[in-house]
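Okay, so subunit A shows up in both of these, paired with subunit B first and subunit C after.
Our next item is the complex of A and B:
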């Protein structure tokens, strides 16, 4: 089971109401390389991955939910005081008529989240390579978000998330090596 | 300084959680300590025989608990399902605002 902690993993401060930026950030909420996809991918793959890396998939998958909460907090804070007119001006008119200011699992273009974004191949190396690629794609997305963002407070939180993708990628690469070592040892004996 | 007053019924008295500078400072210290624990957890998952990292993990786990005791005694429970470090009450403080996205 999971235990909720009533705190964010890292502080999320917002300089001012900015629905345009919120619209871009939705990419990391319900997009293909977003935090929801990451959490669901790792926590699903772990059932069929060798014991040696189950802990890693569990712990990274869990951390992804903390990142999802950070992204949700950014979007919530950036839009909570926006008027319908401001949402419309930000290109969120379509979102408003369907969801008001509620968060919705979709990407920056409004495409709803789908399980088709994630794979579970049952082959440990194939799964871990997908995980490494996912982290690198998320890192790139965070970089593009930082480049397009005009909110210095949000950028601070986005830089934290970008760095976490780098660490996760490194840990997954180590997991690949651990499994390769184990495979080679089995060949010798 | 942002002050948010959250009112809950505790018997006939109303109490308020004051979200002050100290709240953010203490929360920041917890976030920093817990970040060390997250980072060491992932590191130990792929380097399980690093005793030095393990010692550091145990040391920070104690430190984090100490900070959480301090926070929870001032601002209410941080952890769900009985994992709180300070007894809850009077009243079911867990459901009390603020939630993480509200501060």
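Our next item is the complex of A and C:
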């Protein structure tokens, strides 16, 4: 069960009307290394991972939904008052034809989200290594988004999200270390 | 409290090969990040903390885990 707090994890402010940026941000919404893929991957792996790290997956998976909500807010704000002409000029003409300015789970090139982006191998080390890789890939995506965006307010929020990827990556590394240790295995000498 | 600096660099750089017939002018140096989590593996106890407000803004409570990012490339014409 979840308890919802009706606020964003970190404020999202947009300083320029720039629908093109929304088009790039979609990558973190419905892309392979996006927040949706992350949330679904971690929350799903919980069922078959050792008890000691279930809580970690719940916490991080939940936080990814908070990030998804921030990305959604950015995209929404960047496109909500754009005219069809402006969306067309921003390269969002095909999006407009299919979705108006509704958000959709797809990557920056318009490829719809698929469960094939995520894996649940059932092997705790394999799954956690995938999670570490996912965090590093999301961190890289945020870097490239910051590089390509010239909106200082958006970049401020993106920097926050990038820092969270760094922290999550370390937590997953720690989970691997916990599973490697033999602390509570019965040792008979 | 004394600020502790990491014993590693958080940005690495290399110079990609530029061929005589490459169409774009060389980008020169290519950068990649090596954030602090790579060097920690398991967070040791009692690390330095940000104040609660500052931690909320920066995205981490822990000073040694903070890594500010800025576009390393300057814009150019063509």
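Here is the rule we use: the second predicted complex is superposed on the first by the 181 of 189 C-alpha atoms of A that agree within 3 Å, B and C clash if a C-alpha of one lies under 4 Å from a C-alpha of the other, contacts with A are read in each partner's own complex, and residues count from 1 in each chain.
Throughout what follows, contacts are C-beta pairs under 8 Å (C-beta built on N, C-alpha and C of every residue); 3 or more make two chains touch, one makes a residue touch a chain.
As the structure is a prediction and not an experimental result, all values here were calculated from the model.
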Once the two complexes are aligned on chain A, which partner has more residues of subunit A within touching range, subunit B or subunit C? B
Kindly classify A:73 by the partners it touches after superposition: subunit B alone (first), subunit C alone (second), both, or neither? first
Now for A:167: first (subunit B), second (subunit C), both, or neither, which partner does it touch? both
Report for A:37: first if it touches subunit B alone, second if subunit C alone, otherwise both or neither. neither
Touching partner for A:147 - first (subunit B), second (subunit C), both, neither: second
Quick check for you: in the superposed arrangement, does A:7 touch first (subunit B), second (subunit C), both or neither? first
Can A:139 be said to touch subunit B (first), subunit C (second), both, or neither? second
Touching both subunit C and subunit B, counted on subunit A across the two superposed complexes: 10, 167, 174
Enumerate the contact residues on subunit B facing subunit A in the complex. 24, 27-28, 30-31, 34-35, 38-39, 41-43, 45-47, 77-81, 83, 99-101
Per the touch rule, the subunit A residues reaching subunit C in their complex are 10, 139, 142-143, 146-147, 159-164, 166-167, 169-170, 173-174, 177
Contact set on subunit A toward subunit B in their complex: 3-12, 53, 55-56, 59-60, 63, 69, 72-73, 76-77, 167-168, 171, 174-175, 178
Within their complex, state which residues of subunit C touch subunit A. 33, 35-37, 40-43, 56-60, 62, 65-71, 73
